[in-house]
Amino acid sequence: MSVREEFDAWAAEGKDRGMEDRHWHTAKHVLARMPVEPGDTVLDLGTGSGYALRALRDTNDAGPCYGLDGSPEMLRNARDYTDDDGIGFLRGDFDALPFATDSIDHVFSMEAFYYASDPPHTLEEITRVLRPGGTAHIAVNYYEENVHSHEWQDFIDIEMTRWSGPEYREAFREAGLAVAAQDTIPDREVEIPPADAFPTDEFETREAMVKRYRELGTLLTVGVATE
Amino acid sequence: MSVREEFDAWAAEGKDRGMEDRHWHTAKHVLARMPVEPGDTVLDLGTGSGYALRALRDTNDAGPCYGLDGSPEMLRNARDYTDDDGIGFLRGDFDALPFATDSIDHVFSMEAFYYASDPPHTLEEITRVLRPGGTAHIAVNYYEENVHSHEWQDFIDIEMTRWSGPEYREAFREAGLAVAAQDTIPDREVEIPPADAFPTDEFETREAMVKRYRELGTLLTVGVATE
Amino acid sequence: MKEDLMEIICCPLDKHDLDLEVTERDDGEILSGQLTCTECSETFPIEDGIPNLLPPDMRDEAPA
Amino acid sequence: MKEDLMEIICCPLDKHDLDLEVTERDDGEILSGQLTCTECSETFPIEDGIPNLLPPDMRDEAPA
C-alpha cells in the first residue's frame, strides 16, 4: 500500500483530527520550545490536519507556514480547517523536498518522519532546505526505547524506521545537523484507567501504560543546520 | 561586595548544597536534554557544588568535565564532593574564560549566568570556546517573565541581569549562537502548602506560588555554535 | 495555492526553479494550473488549489 | 588539578598557552604551583589544587 492509499483512508475516516487530539498532548510542548520569531518561515513535514502550523501562526506570529504531505485527502482536510492566508499546503514526498536551498527557518515534524523511505536522505534534504542556523524539531512516538510502539508496524503496510535516541542523534550528525538537544516528552494528559481495568487491548498492566505515556512519551531530537 | 565575598559566604553556610537540592528539580531536566556523548568535554559555568558535572559523568559517561566558579569556597566544597578524576575545578570569571578556542563540546550553566558583569561578552566567550556544532544550555530562574524572582536583586549586592526570553534569544544570536530551542521548565517537586498557609514570607497567595513553580519555573535557552 | 509560494518552491528532482501556468484562479488563490521545471521541463499539476510536487514516478493516479 | 588540564586552559587575558611550574604534587594531582602565560608573562597561582585563572585585576586576595 502506498502512503497515499494508507493516509487517504485515514483522513477519510477522520483519523486526522483524532491524531491532532492525541498528538497535541506532547506536540504542543515541542512547538513551545521552537524559537520561531515573527515572520519566520516554517515547514511541517507530514502535516496531517495542519494543527502545528495553525498553532505557530496564532502563538508566534510565524511568517509563511507550509504543510507538506503525501496524502491528498489529508491536505484537502487541512486546507479546509483554516482560512489563514499565511498557511499553504502542498503535496510532496519526504525524500524529494520541493523547497529551495536555505529557504526555511524551522522544520517541524510530528509522528511522520519514520515513514520516509530513506530517512538519512530525508535528513539531508532537511539540512539543505534550512538556512544556516535554522532548526529541525523532529518528534516521534515510534522509536526503539518505546517498546509499546513496536507493534504499530503490524497495523500498517508502509515500512517504518525504528531508531533509538542515539541512532537519531547519529543520523542527524551524519546529515550535517548539529544535535542541540534530545529528550522524551511525557504525555501527562491521556487518561489512564484504574488498575482493575487492565489488561486492556493495548496494555497488560496499568504500570505498562503509565510507562508508555507518563515516562516514555514523545522522543524529540532538535537539530541545527550549521552551514 | 564581590562575587568572591558573596558566594564564599554562601558556601560557608552550606547554601551550595541547598541550591543543589532546589535547582536539581529543574536542572535534571536540562541535563537530560543535553546531547552529551561518551567522551564529550563539558564546561559548567558557576558550578556551585558541582552537581551537574557529577550527574553527566554518571549518566552520559561524559569525558573531561570542568567546573568554573569565582568563589574559592564553592570550589573547595565542590572538589570535596567528588573523587572522580574526570572532573576538574578552576577559579575564573565568566567574562574571561581561560579555555582555548573550540575546546569544549557543551556548556551548561544553572542560575549563574545573570551574575556576569558583561553578559553579551560572556556569550561571545561561550561561542569562542565551543567547537562548531557545540551546544550551550543556559538555565535561569531569574528572568523578566518570572515576576516572583524580581525581588531577588534586593538580597544581593552583585548587579543581576534580568532579560526576558526574547532578550536571551536576541543576545545569543548577537554573540553567534544559533538559538535551537527555548522554553520554561516547571518545578513539579517543590512542595506547595495548602491555601490556608498563605500569605507566606514569599507568596501572597497559593495561586502565586503555583504560577511561580508549576508554570514559570526555569527558563532554558539552547544555543549552538555554528562556526 | 497562493502565488507567493513560487518564491520558495522548486523542482523536487533537480531543485531548479519552476514556471507557473494558471488555469483557474479564485480570489487570489490559484485553484488549478501547472508548474514546469525550467531545467528538466518536468511538469507538476495544481489541483483543487494544491500543487502536486511528488516526483512523477511516485504519482499514483489510480484512486486508492 | 590534573596535569591534562593544561591541554585545554589558556591565559584568560590573551588566550595564549600557559607554562606550568609545579611546587607540590600529590598522587598525580598538582596541589600548588604557578601558571605563566607564554605571551604576556602574566602569572596565575595554583592553590589547594585549584588554579586561579581570574584576570589579575579581579583577584581580591584580602579575606572576605
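As written, the chain order gives the labels A, B, C and D, with residue 1 at the start of each chain.
One rule holds for everything that comes next: contacts are C-beta pairs under 8 Å (C-beta built on N, C-alpha and C of every residue); 3 or more make two chains touch, one makes a residue touch a chain.
To keep track of the chains, here are their UniProt names: A, B = Methyltransferase domain-containing protein; C, D = Trm112 family protein.
This is a predicted model, so every value here is computed, not measured.
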Taking CA centroids for every chain, report which one is farthest away from subunit A. D
Which integer distance in Å separates the CA centroid of subunit B from that of subunit D (Trm112 family protein)? 24
Just give me the whole-number Å value for how far the CA centre of subunit A lies from that of subunit B. 31
Using mean CA coordinates as chain centres, what's the subunit C (Trm112 family protein)-subunit D (Trm112 family protein) distance in Å? 64
Send over the residues of subunit D (Trm112 family protein) in touch with two or more other chains. none
Would you mind giving me the full set of chain pairs in touch? A-B, A-C, B-D
Sites on subunit C (Trm112 family protein) touched by subunit A in the complex: 1-2, 4-5, 8-13, 15, 28, 47-55, 58, 60, 64
Along subunit A, where are the residues that touch subunit C (Trm112 family protein) in the complex? 2, 4-5, 8-9, 41, 64, 66, 70, 72, 75-76, 79, 85, 88-93, 96-101, 103-104
What does subunit A use to touch subunit B in their complex? 29, 32-35, 37, 132-135, 137, 169, 173, 178-183, 222-224, 226-227
